[in-house]
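Pasting the structures in now, so scroll down.
Each of the next two complexes has chain A plus one more chain, namely chain B in the first and chain C in the second.
Moving on to the complex of A and B:
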């Protein structure tokens, strides 16, 4: 066999191995949301305490839109106090925190709100319409919508106080 | 206690595997039978120790010994016994243990069964098999040790991943798939032995033929059971999503199928020697690649195990396998000249060659599609995902041509087919295929590919049945046997040939099932209030009730739906959603009503919190059941092909058996 023929195999194999090695550096779970930078899908939410809210009414307000469920332990349980704290700190500065409860039972959801003494509007997503519009994979997921109604950032997983503060400040 | 014993067992097995590999090679090189014998002993010892380790793991799982990290993570007090036992292959460390055990078992069987016939090759094959074992034992002894202890032990464990405790198919899908993967180690080992010893004739092919069919059979069953599991558990109504890990199991199946066909050409015509070696090396490397993909976390997949550090080790192992194996192949390439030549374009050789090229093309497309997201990210920094459209567009036409070749391959003559033989073999099937096309078109099949799929399936089925019918008729005329006796004697006389034909019939069933369930698929998603109904196909589905309850580890919301067909109640179905505290998403439990004609598939998509209305997705997928039946037929065919032949064994205990009985094929 000619020398060049013997080299074919290493030449063919090496790039594949390098490519696979490169794969270790990437995180396949990090999926960029196509919504980031685009207008947030409109929504209307009837909250558990009877009020209603929606994207249209909130023009000019920065929104933290959080998707959660009472059965989502521990992530939703971890971030609930941080969300409440952020709401208290920023509600007078033109920031709205909204919770969307998905795939849940009403009694459990209300118990969850009671447990963490959540005072920002929380409502169910009865037919899963909002979750679909926002392309929610699982809970918790949080969308930061800026004053122009565009999605500024999407976060998957539990939020921390620092990160909430940082992202809210970016939008103000 | 179990932890210490388990870690010691694995470390000891690792030491013995390395020792055995070295002495086998030394024994063969220096012609010292005692060393070879010692290497053989190592295979027995590794199997004994692996069995012991598996039993220890099961004892820990069933005994709920939460001082072992693996048990604490994958077992719990509330998990039923079946799912506790099979939790051994529910996560990374345990699955490697299962892998080791299956590999040890196959190595043992290979050494025992081939020991007498292949005295020269066996020490080398032993060394290769023990080296592969050593790699996996190294993983299990160090970075992915299933016996790692935790202190203090928790009071209760976390329990297996909810998706893995939802369906009993989990008990058999992974072991079958692993046996299919691991099984290719044996043919690979004998191929490497042939390269190392320089005995590059057809002996190694005769040795590995049966082993390859075993591996292929398990892989086939594993892949199809995986599709079935996905269909019953994942709740999207499909059985194949071109997910990276599904693709990874298909890749060795494709190259392995190519190998099973191309070795026939080498047996008959002494051609394709380098090709066959390259194919078996590739197939084996792809089995390791499949495990690598599942366990390295480089691609996103429903199957991905928790991320771990063993990815780079696997990659290094794949690199070593490829470089060493192809290095040997290049070194020996001068001794691998083809002795035969292609005589005619219309011959079985050509059909098989085409089949090989297409199977490899298919495999390449799947490989490329699977790795493309990685390529794109590496080269352009853009994340993309390659979905069904790409795979279907490329692979459906290739698949259709393969079915055509599958129909003609077994019937066309070696070397050169005469016009007369073509007419005799194919005129009736061709006529039936045309009739079939007409009938399917009247039944409402539209589009080129679906029509082609049905008519080619008909064509292939007709060739197989015609072949059996002719054989039976000939036997009846000569010996006056009854139909069934003639059929069974015919099959027994030439198991490989008729086993292969049965496999082809299974493929036809799978193709028909896939085509019908894709083309005639109906689906509808509606929100229903209690008492309301919806219509789809022949069925009326009425929403009766929604109930919810708390179970030990989850809470369950279940809908009750009455299914009517022409105002007659045919079933009550209960799709549900299960909410696990540890999961980000609820797990849907679908309810499927399967009949040979069609499946009715109910998914509870969502519901209002007061239970007054529910959103239901209803799918009708015709002939899905025939995919699973086709898989069983393929497995049966493989079994027929490998079934030991007592008559021949008794008659020629030592002499090599011939591949094909002259004049038969």
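Moving on to the complex of A and C:
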């Protein structure tokens, strides 16, 4: 009975401590996407300049699919020049950069595109269907879709030039 | 055949109550038994109603709200899609409504959101695998607590009983005579 009494406190506390340690080890902001490694959900995007683009017509092309908003400061502002630079550097090597503007006003979105002189296709997601289909829970989020149409990697937060370069090279 | 009594095979039987061996009848139901029966009937109707509720007679709006309440709002802090006023939650509610309209079942819609966001999107984890810990731990903790309380109460009761079980020392003769005197005084 005495041994049992001595053991009862450590037995009760150990699982709680283990659970806390596990909780501290994980990043509460990082939610792993079940889409990574699987086929990218199909989409058809009408861009602000009147064109349309979709996954089906881009088969065989590596895609950088970036979800952004003009109110997303500073992360979207920081990554916009890097995205434009990557587009210019890789557009002739079978890479497509696509911007999806979510939960935004059209005028603000167009002003953002103009401000950073973005030349890659950008379009709105007015009903949020595309962002929900991709499991987006904030901006900016970027999906790297390989030539086979599978999601190679998902990045949450602002992209850097090095990160973009590294992930695009992995897909080529 | 009045009230609650009715004739079966020549004997009178009450709708409830106890069998009376001498009369060969059941006693007519008392007010208490009638109340008990009514309560039981209401309980059964309530349980069956709650059980069947998601399956039948639930309107599109109500079903949308029920499903939205199960989904975590991705841009909020601990709010369901049903409770959040955010644009994203609104878009998700719209999508749920549209999917229901198109004839998708709640299970299919849940599975769709899980396939996009992972199980994280469900406010209540699925009852499977390691998730059972989250479901059963609170009950385990309650049972453990009840066990500890029971143990402590039993121990304290047995301790308080212990002196009574022991033999009392013989009464001091001085107090015995004084007790007798006082009892006489009180007329006992």
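In this section, the second predicted complex is superposed on the first by the 165 of 172 C-alpha atoms of A that agree within 3 Å, B and C clash if a C-alpha of one lies under 4 Å from a C-alpha of the other, contacts with A are read in each partner's own complex, and residues count from 1 in each chain.
The working rule: a residue touches a chain if its C-beta (ideal position, glycine included) is under 8 Å from a C-beta of that chain, and two chains touch if they have at least 3 such contacts.
Everything numeric in this text was worked out from a predicted model, so none of it was measured.
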Check your understanding: When the two structures are overlaid on chain A, which partner does A:138 contact: first (chain B), second (chain C), both, or neither?
Key -> both
Exercise for review: Have a look at where A:124 lands relative to chain B and chain C in the superposition and call it first, second, both or neither.
Suggested key: first
Check your understanding: After lining up the shared chain so the two structures overlap, which partner does A:17 touch, if you call chain B first and chain C second: first, second, both or neither?
Key -> first
Check your understanding: Does the superposition put A:103 against chain B (first), chain C (second), both, or neither?
Key -> both
Review point. What is the contact status of A:33 with respect to chain B (first) and chain C (second): first, second, both, or neither?
Key: second
Review point. Does chain A have more residues touched by chain B or by chain C?
Key: B
Review point. Which partner does A:73 contact after superposing on A: first (chain B), second (chain C), both, neither?
Key: first
Study note, to complete from the structure: Dual-contact residues of chain A, meaning touching chain B and chain C, are 31-32, 103, 127-128, 137-138
Check your understanding: In the complex of these two chains, what residues of chain A are touching chain C?
Key -> 31-35, 41, 103, 127-129, 131-138
Practice item. Report the residues of chain B in contact with chain A in the complex, numbered from low to high. Key: 292, 296-300, 311-312, 315, 318-319, 322-323, 326-327, 329-330, 333-334, 371, 373-375, 377-378, 383, 527, 548, 555, 557, 577, 579-586, 605-606, 608-610, 615
**Study point:** List of chain A residues in touch with chain B within their complex
**Key:** 1, 5-6, 9-10, 13, 16-17, 19-24, 26, 28-32, 69, 71-73, 75, 103-106, 109, 124, 126-128, 137-139
Exercise for review: Provide the residue numbers of chain C that touch chain A in the complex, in ascending order.
Suggested key: 74-75, 87-88, 91-92, 94-95, 114-118, 120
